[in-house]
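Letters A, B, C and D mark the chains as written, and numbering starts fresh at 1 in each.
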Amino acid sequence: MTVHNFQPTHYHTNIGPHAPVLRVQSGDTIVTTTVDAGGQDASGKQITPRGNPMTGPFYVEGAEPGDTLVVRLDKLTPNRPTGWTRKMLAPNVVDPDYVTQLPWPGKDESTLAIWNIDNAAGTATLDDTTTSLGTFTLPLAPMVGCFGVAPARGEAISTATSAQHGGNMDYRGFVEGVTVYFPVLTEGALFHIGDGHALQGDGEIVSTGIEISFDVQVTLSVQKGKRIGWPRGENADYIFTVGNARPLDQCVQHATTEMLRWLQTDFGLDPVGANILMGQCVEYDLGNIFDPACTMVCKVPKRVLR
Amino acid sequence: MTVHNFQPTHYHTNIGPHAPVLRVQSGDTIVTTTVDAGGQDASGKQITPRGNPMTGPFYVEGAEPGDTLVVRLDKLTPNRPTGWTRKMLAPNVVDPDYVTQLPWPGKDESTLAIWNIDNAAGTATLDDTTTSLGTFTLPLAPMVGCFGVAPARGEAISTATSAQHGGNMDYRGFVEGVTVYFPVLTEGALFHIGDGHALQGDGEIVSTGIEISFDVQVTLSVQKGKRIGWPRGENADYIFTVGNARPLDQCVQHATTEMLRWLQTDFGLDPVGANILMGQCVEYDLGNIFDPACTMVCKVPKRVLR
Amino acid sequence: MTVHNFQPTHYHTNIGPHAPVLRVQSGDTIVTTTVDAGGQDASGKQITPRGNPMTGPFYVEGAEPGDTLVVRLDKLTPNRPTGWTRKMLAPNVVDPDYVTQLPWPGKDESTLAIWNIDNAAGTATLDDTTTSLGTFTLPLAPMVGCFGVAPARGEAISTATSAQHGGNMDYRGFVEGVTVYFPVLTEGALFHIGDGHALQGDGEIVSTGIEISFDVQVTLSVQKGKRIGWPRGENADYIFTVGNARPLDQCVQHATTEMLRWLQTDFGLDPVGANILMGQCVEYDLGNIFDPACTMVCKVPKRVLR
Amino acid sequence: MTVHNFQPTHYHTNIGPHAPVLRVQSGDTIVTTTVDAGGQDASGKQITPRGNPMTGPFYVEGAEPGDTLVVRLDKLTPNRPTGWTRKMLAPNVVDPDYVTQLPWPGKDESTLAIWNIDNAAGTATLDDTTTSLGTFTLPLAPMVGCFGVAPARGEAISTATSAQHGGNMDYRGFVEGVTVYFPVLTEGALFHIGDGHALQGDGEIVSTGIEISFDVQVTLSVQKGKRIGWPRGENADYIFTVGNARPLDQCVQHATTEMLRWLQTDFGLDPVGANILMGQCVEYDLGNIFDPACTMVCKVPKRVLR
């Protein structure tokens, strides 16, 4: 179990079969950094073009299509004193006839709000007291917006969107301590990560969380011969599955089907038992609703399993 | 503030401009009962045809289109020892190519599971130990699946679905203690209620919660001249708005727009402030995803308001 | 086969179990008139509130749930010299971020364009030469926007939308000479008709066709014991089925399933034959895309049947 | 204007920034071949893996992001005596509760139907007289299912789906004689083409047209500085725009917005004129509805322009 300290020198704005920046063994830990969605690093300098630039990819020895990549999110820490959000909801999340009433910025007005991040206090504070919010402080809840593995059949998919391979899911449940499972779709899995948020509302409906660069530590391992269809995860209280598609109804179909399968293959449930349990115990969370593809997460509490 | 004890003698399977069963003053409390979704009462006897039969409608004196009806859910108590659920997920909530793998019941097999309800212990226990779930017990969380007011322009809308007037929203957040706001769309508001669930998973994905008859107490009052677009609600921790439509993306649009309006009219927020706050603080819950119309709930925590 | 001349005295803006204005025998013909979507009659006078007011309902003796109502559209003739359209696309048919670029009318500007209708010449000409269209003339193609039968379980559904019972489908294929089939959902079928268009583009994307009052002749008959699920129709070249729902993908599902059933029950096709034929011969038309519910029409050419 | 005869030696199952197989000048013509969706060539031999393998990419000198690539489909000719289709509708195009009633093939049954192609007679005849269709012959209508240019930001998008760059649109209007316009998104445009159909129903609802290898002739040219957002095209009677997304409603939004822009930039229409014209003259066609992304085509008849 080696710990690799990796300092990125370039980034990718799609997740695909790029040349690996590092090869690791199953079980190894990687300590690295990510730039923010706009390409700015810990010093606030723009070092790569905008659009959710990814650190990686990391090649995991022995990972082959048909396996599962296990990603433990060991540490996710904002590493600079400010982050930014947009100030207007995405037009596609309001009623079409309300779009003209959104606060469209004037020609020379900034579309961004700056937030001061205080890791010690665990807070983000809006650096603008001119809105009706006044001094507005929220608790930090750092999460990773975009991560995953290279897709199948040589695809390279924009980090603006998401699919079976993961991608820009913007699910606020992807926090420190969570374990995430991705289907391995190409040799070495080719893990990418980026787009850290100091905190975020459901759906990323202003088209950003509080965008910020991160110090990241992840541990990658391979489950050989374990075939899954969509990203999965677990935290202390829940197992969950992730459907990435559009519209949301299809996300629900993907995530629900994946959970039905999981309950039957790994938790000893017969079909009727799995259906009854899901019917009365399932919970759904909304990930991204702003992107081309959206995300719905299907959760089952661990307390009802076994 | 009068308390009315009302014993229903007939029920409606659509919400519309039916003859009122009782006229009450704004602020009055109604103590009554509801049958279950299948038309069975507290004794388990089928006394009216199936399909979410409604108790009511109740006419609230002084309520006119352009007002808001305030419904306080004072008491929601299952009033018999058993409830029932379906045993197979609705085909529309799984991937189309998985539909054939659902546990379709054999010709003479029951599609229903029976649950024993223990109000004292606060539990529902599956009355069938033959599935892999074995003895399976869940905590009660009684909620009302279908309620609302008569729609506009003389419509009478099936209790299988939902819209601006409320209806079959199947949101597990509609529990005892919650206050719900409906737009008054016709004279007297004409409040209907029914379809109690002893508990339910998100989405009502097996097409039922644990269906059961209820003892119900609600307090109805009118906010004159308060015009809202969609159902709203509040509990101890959140204010929330409810979008009923299909697909889910459109529910999100309705609920989000309604919340934007509410924050600006009642919570002193300017447009930019409301947009920034929603972007980082909003949460969404899934109500019904099985019906013709689905439900998404947009929530803002009270702690970030003011 | 009686011909009834019926002069309406009141109208309905929902399709439901209203008192019949006339009772006819199966096979009878009705000659009547419809007002335009705004409630204006042949003289241009507003005689009833706006919102697709319906003429009817007509009770057909012997029609019962489980039967089919056959509606032959014998004559559909605009009966006044002007019609009107809106001048801006509905915000929901363009990209959300384009909505602000639509030509929103100024405060005191009319949202309507007037068209001169010449039945003899068979033309509609825009009565406004100030736009870049100059003198703009189109061929008439009169069609009925909204018609159908009373829904099941006592529902009364707004004429703004559509469902199994028909309603506001706005399909430009509903022209003179076409035969339409509706499922009978309540006793007497209760046929309603209105919302004539001198012509219309697909989708009714400006939220109107050329709205105009009509002289109408229809012949109604009952097919006893013929059970269908969605509106069907036929013209000289095609049989077709109509799916009314939202989103469009679900309209396609409804219409396609209904066609699959029809091919197997009435055209002697086995399941594999019906599937192969539809795969290579099916055509789809778009009806309304502006309403709460949209419409897709599934067509099979008669030349490939038998 | 050079004519290049190009014989492919390898194929791609995604459209992306692959090494060009040929560099041509703007205005040049390419004569080449395509394999069928399954990777089979003119002799029926499988020479490359299945999944809509593309011939190309062809690099057009001088094409840069912000330009438009003009593709004239000069010749599209099936070049072998048989093609194939599937025999069952895709489960996602029928009602979810009808899925189990589709004619699922038995374990050892073929899912494919073979069709005999007669270019001289212009017919395709089902090579199976055991279904209720008997001897079943349809007129040929050769079209190209999947073609387009490399996407932006280095993406490589599966030929199973479609987006701004084109891709698997399966629109039966892409026939010989049609001119198609693609936004150039990367240097050289990198044009790919494949997936020929001898004929196809709307929507590709059995998940195939009659799949067959083609002799292809296309002429490629560049419009410098002409920026478009989505694929466009024109034939003798119509100009049209193509929206590729999911659900269909969003395809309509993309295609409609693109047409609104086109009418205003190239056909001398002011915003109100463009809106009025589209409202009453627009037509929509359905391309693919089976894929992850679907396709809707927005058409305006040339006779109403100018």
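The definition used in the following text is that contacts are C-beta pairs under 8 Å (C-beta built on N, C-alpha and C of every residue); 3 or more make two chains touch, one makes a residue touch a chain.
Predicted model, so just to flag it, every value in this text is computed and none were measured.
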More contacting C-beta pairs: A-B or A-C? A-B
So the chain most remote from subunit A by C-alpha centre is C
Taking the mean of the C-alpha atoms as each chain's centre, how many Å separate subunit A from subunit C? 46
Intercentroid distance (Cα basis), subunit B paired with subunit A, Å: 32
For subunit D, residue numbers touching 2 or more other chains are 92, 96, 246-247
Across the complex, what residues on subunit C touch subunit B? 12-14, 16, 51, 151, 153-158, 245-247, 250, 292
Provide the residue numbers of subunit A that touch subunit C in the complex, in ascending order. 90-92, 96-97, 99-100, 104, 247
How about subunit A: which of its residues touch subunit B in the complex? 85-89, 92-96, 98, 101-103, 113, 126, 131-133, 136, 138, 199-206, 208-210, 246-249, 252-254, 256-257, 260, 268-284, 286, 289, 294, 296, 304
